[in-house]
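Here's a structure for you.
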Amino acid sequence: MVDDAQQACFEAGIKFGSLYHQFAGTPVSPESTRSLERAMAEAIENQPHCRSVEVEIHDDRVTDAIDHENGYTELTGRLMDVDMEIRYEDVVVHTAMAMVDGYPLMELVSVES
Amino acid sequence: MVDDAQQACFEAGIKFGSLYHQFAGTPVSPESTRSLERAMAEAIENQPHCRSVEVEIHDDRVTDAIDHENGYTELTGRLMDVDMEIRYEDVVVHTAMAMVDGYPLMELVSVES
Amino acid sequence: MVDDAQQACFEAGIKFGSLYHQFAGTPVSPESTRSLERAMAEAIENQPHCRSVEVEIHDDRVTDAIDHENGYTELTGRLMDVDMEIRYEDVVVHTAMAMVDGYPLMELVSVES
Amino acid sequence: MVDDAQQACFEAGIKFGSLYHQFAGTPVSPESTRSLERAMAEAIENQPHCRSVEVEIHDDRVTDAIDHENGYTELTGRLMDVDMEIRYEDVVVHTAMAMVDGYPLMELVSVES
């Protein structure tokens, strides 16, 4: 009833939702982008079927988002790009989050057996 | 390259990861299970392609998990069952989280066109 | 070395940080504001020394924050007011979060014995 | 009505609640403890009045908490120690989280002017 490609896509979605809702809201400044990128990637790579996660938080967007007084902002999808590779049985799924038409979009890029 | 059923499964996974990592860790007691169930369901139903979400937090499991002094515990997958229906184009996906062999499992129950 | 009023203020801060970082990022629309308000209040009221929590999520601000396509936004401090009363021994602390000069501010309103 | 020491304790509590509820639930294994420790510390150090944050996630406790199949667990207060120094005006506050009688406790260690 459910084939391997569909299961792989479900697993890929879980990782994306997990990454986003675990870390959205984290206080971030240009001084902490590198450590947050790495922790996000390594945390989600712990999950089953997750082959690799790359997170890029854009320092310039973080700087632009910082309120004048605080010196930091909160992580949102608008500040980062994410690429993930999920493997379930013989199926490899690539997913990405990037800004599309001004909005952060989680995208299923490819499903390959 | 990506068909509607695969996209529907990806969307279903996103909702599951979102629900889990947004709300896991929330302080919960038998006095607050009903409001938390409802807020979780209504929050995730806001997301695109999400037709319905049902969350059942088991009062007896919450009671068993409460540390003697505190009077509350933190929400985990062991304390609840979740059922979701996602629709993407003509594809309907059912997913569920329940305890399997002592562990909470997110499961892709069916994919139907 | 630490007096009751200081301990009460520490407890009050914990509740505020907990409430904010547990629920910030939750998908919200005018259809789900009431259930989210209630779940937030009841969740934090479970914590020790917390006498009452009131959360008001402003429907008009949620509506203004919704991106044209999605139909929902993510909860931030800009969308809500929060009032809390913490009691530790004989000390009662009132705290509030509200918009001040365009920014959401967590404020220690009063400390009374 | 509110003195600097009380305000410092309130700020210290906010940081503790933020740290805990932002990061509790993060997937963690012995392979990802160092990056998560660092990201947690640097994230919270962004917040106002926060002078330093030290997080130690105990690899042995993580290993013990890992379910046999998964290879990872979710971060809780039982797996880590946290020390923080907050400064507000002339007041320095030290706080710590550690296991006390089998439970993780957030503690106000000292308040000094």
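Labels A, B, C and D are assigned to the chains in the order they are written; within every chain, residues are numbered from 1.
Rule of thumb we're sticking to: a contact is a pair of C-beta atoms (placed from the backbone, for glycine too) under 8 Å apart; a residue touches a chain by one contact, two chains touch by 3 or more.
Quantities reported herein were computed from a predicted structural model and do not represent experimental measurements.
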| item | value |
| --- | --- |
| Centroid-based (C-alpha) most distant chain relative to subunit C | A |
| A-D or A-C, whichever has more C-beta pairs in contact | A-D |
| Euclidean distance of C-alpha centroids - subunit A vs subunit B, Å | 20 |
| Separation of mean Cα positions, subunit D and subunit A [Å, integer] | 24 |
| Whole-Å gap separating subunit A and subunit C, where each centre is the average of the chain's CA atoms | 27 |
| Shared-contact residues (touching 2 or more other chains) in subunit B | 18, 20-22, 25, 70 |
| Residues of subunit B that touch subunit D when the two form their complex | 20-21, 24-25, 67, 69-70, 74, 76, 103 |
| Residues on subunit B engaged by subunit C in the complex (per definition of touch) | 18, 22, 25-29, 31-32, 35-36, 38-40, 42-48, 70-72 |
| Complex contacts: residues of subunit A adjacent to subunit B | 1-2, 5-7, 9-22, 95, 106, 108, 110-111 |
